[in-house]
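To keep things simple, chains are lettered A, B, C and D as they appear, and every chain counts its residues starting from 1.
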């Protein structure tokens, strides 16, 4: 299968601390990959490196055959590499509708328009309403973000990512902080995403991971220690050691 | 060569004067995260105290400095309690508004009470006149300022890096909530830091009075200079402020010596360059 | 419609003023801010005049309306002048510490039918900008030119100029250079320093290196003069025999207590010293000191304001209190009288004051007070600057 | 999708829609303009100056209130507009007031581009200092180029033509005032459209979270720079109005003092709202004018006390705090 998204030999150090150690991952269209690992394994750093929020010391990130390692975060988004955040980053005084509309307009290249209101554009409004509806946010669409519950804010994070119509989607703990009653909605939303979209998800909720992922990568101390099918992961000795044994403490071991 | 030496001497003297006057602001901005535009107002209050003590009461210069420092801190305490405490952690713009308001009030009151004329702090005979360095002469007072500058820098460094109190200050700066949870009374840390900053301002106001003359508009007139020094050095960093003052002193002095007509251009272009290259200041902490 | 309304208002304002017993004089100056001291001196001079002469000219009563422009701000000055004319119905505009503030308001005079009496602003060109302007202060050219003669006569052949880099500073530089070279001297270097300069040590070093025998300097009166004079002493220029020449802005009386010992012996030329020895001045100073409150704050703008009031009263007399700017101005052309500063007259062509310029030395009197001691008089000096502008 | 469609047709109240479109604001400006004319018919010069400064304050609001850029050097854009219009009139004979305004707009926008280019290279305190450096450089440049700008004596003898050959810019200042009110209304309407537009939303986003903006694929720097240019155009129009109405431009229009004062006016009124900017300007300038006329010798103390009082009792600024209060009152019965 031709790879859509490829990370090759990525390295990053903070001072003397190696946080990403020669990580290589490749994804094809339609992949559903879960990236798991103990706390401090470097999962979020990995996402930051891939999206351009951090610069790697060495290694390459390619997207659809194009090397994007030197590009800024915004340019990667243009090329279809979209992320969500582990801790919500939303605009406190804007409404969910405005958030999603902004994402849709941005995707269409209309966010720089200085005239008119988005609500005057029917095709934008239809799409925004559809996305909000799918995530159960429609009734809240005119409230300020700071007035809605945290779980709903998590949903809005995903809504914005969806609105950007990515080719590769990186979800950093999408369900963290979401009440049990709402996770089903997130899963449903994820399930409804286009089949050819490649998704990489970080999460601690193993049930969710096993239901969602077709492939699992385990990261420990910045190093990939497992890359394979979900059913094999619990059997793997290194993974068991990483989670249960001393391996997880060895933060700076290279 | 002589020219270079000469510029060097002037730069050192000017830079150290800037350091003594601005370091207090670096403390407030770095440790307390308050954009204290009223810094100059406190320096001026110190200068007025010293002027009154030395000129009108006939006290000695050293006694004058002491009166200035104590007097200014005493005046500052209620101001800290009533006003500054409300703006710790507030947005920068709010702090700007409040401290400009304080500055205006101090100016107005000073003007009303003491009139608009210049105030001086008479120097003791030892500091008057000039000293021959061989290739040129320099005001004795300037040498005193240089010594004061290094003493203040060393003293502050010791206080922050080598004392128990310094540990608490650094901890509070890094994470006030966490430090408070550990049982440190951060309120006290803030109050003491503020007092130290004010004392330094007052001290600087007196020592620097030969260079930046005391008058009601002092605070507004030199506000920009103080802000520039602190941000170039990196707020809260003592070595940073020291380097910044010496660097800016050198740039300013060189510019003024070689092309006085374009002195302003020189200075501000250099500021833009430095700030662009080191957005957190020369010794600013990286986040 | 609006036009009509405006005309009606104007008519009301004008006619109201013409027959009223109260004649309003609008005074614009820096009454707050860093230059408040100078504004205070305007007020002291005006109050001294009113105290000595009463506030009546014939049957008309003079009323002063003050407006504040803290720093040079022509837009504000113009707006206030407009307001004074239209709302307050003033018949005379006076004051103006800064040149741009005066320049901004001259544009109104013709239409408002109001004369302007400039009580400080010292750029030559102001009087040329409107025929309704009269000035009772001085120009930088006027006060600078004689010092060049002094320098030459004291044996200086090579001089250096060090001036603040703005209009009046550049005027002073040109004036000194022109006059000094006419005397046969040579200006070896002209240095302009930014107004915001605090540390003058490097500049003094340059003066030393230039090989000049004399230093001519112009700084606006105020805080930097203190640091400047100290730098002159501390960097060994005084000891090295480089003579110091300046205009009186540098040693204004209110700054002298602060300058103290450092200023002793400094030679400056100016149109007025508070110490001027004449009965007129004694009377003036007594009244002005009372008006200003603190005698130490009395300085040169007060005398121009005092004489400005004299001129305005003459104008009111000549017009019988009716608003006629041209007649008022014509009436004072060629007017001469004895001012506290000495004999003065209004030059009929330029409408600028012709006055004595004095060479003064800072000295200490018996009570230990520093003052500008007049040592020489240059009589009946006009403004050489206007010719330079026209050239 | 179909289910959602019928729900999208929401009908906000009439006033709400009008407010959104800026119609209410424009009406308010025109009414306030007329009221100013009727209440202070003899002080139109001050009111016109107030309008010019209001545009500077609005322009700061665009970058500070909407985008979160800290600046103490915004008078550079205002002064560029004023000198642009003035120089056009004095040196190039462009004396038509509308043309002068256009020149001011362009000059302001150009100055916005230049200062934005410098100022946007840092954040927080460093940004503040860059802005201070920029205003000093502009000021010094204008001082040096005295052949063009008149230096410290000011650029005088600016004589704008009569409007349509009939309405002169005269002593009573009615024409200048009317022109100012119209300009302000137009600028306000344009800005109202701008801040509601997708670009305006993006700008608000930039203020709150630049990382999120990048994650949406937008470049904060480009948004900020564009906003700076727009802000420059607005300030430039204000500067041009000042040059046209006072017929003189001084170095003070490029000063740190004006920059700081205008920022104070903005924070006083409340950042992030066009109304706040205008209310702050009007309150500050009226206060200053009344006080300095009543007691020129002590007004500074009272202004200082006012600023302190605002921080203590209305921390979001006059308009911001009033709006928040009104919001609380409105919500309580519900």
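The rule we apply is simple: a contact is a pair of C-beta atoms (placed from the backbone, for glycine too) under 8 Å apart; a residue touches a chain by one contact, two chains touch by 3 or more.
Quick caveat, the model's predicted, so the values are computed rather than measured.
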Chains contacting each of subunit B and subunit C, listed by label: D
Identity of the chain that, by mean CA position, is farthest from subunit C: A
Chain whose Cα mean lies nearest the overall Cα mean: D
Between subunit C and subunit A, distance of the C-alpha-averaged centres to the nearest whole Å: 72
Distance from the mean Cα position of subunit B to that of subunit A, given in whole angstrom: 48
Averaged-CA centre spacing for the pair subunit D and subunit A, given as whole angstrom: 41
Subunit B-subunit D separation of Cα centroids, rounded to whole Å: 33
Multi-partner residues of subunit D (each touching 2 or more other chains): 140, 297-300
Residue numbers of subunit C (touch at least two other chains): 32-33, 36, 40, 165, 194
Where subunit B touches two or more other chains, by residue: 111, 261, 264
Pairwise chain contacts, counting only pairs that touch as defined: A-D, B-C, B-D, C-D
Residues of subunit B that touch subunit C when the two form their complex: 3, 6-7, 10, 13-14, 17, 111, 115-120, 122, 129-130, 132, 136-139, 141-142, 210-213, 215-217, 220-222, 225, 252-254, 256-257, 260-261, 263-264
List of subunit C residues in touch with subunit B within their complex: 32-34, 36-37, 40, 165, 191-194, 196-199, 201-203, 205-206, 208-209, 223-224, 226-227, 230-231, 233-236, 239, 254-255, 257-258, 260, 294, 296-297
Residues of subunit D defined as touching subunit B within the complex: 64, 70, 118, 121-126, 128-130, 132-134, 136-137, 140-141, 144, 256, 260, 263-264, 267-268, 271, 297-308, 310-312, 315
Subunit D residues within the subunit C interface of the complex: 40-46, 48-49, 52, 140, 143, 146, 150-154, 156-157, 167, 170-175, 178, 242, 246-253, 257, 292-293, 296-300
Touching residues (chain side subunit D, partner subunit A) in the complex: 1, 3-5, 7-8, 10, 20, 193-194, 196-202, 204-205, 208-209, 211-219, 223, 226, 230
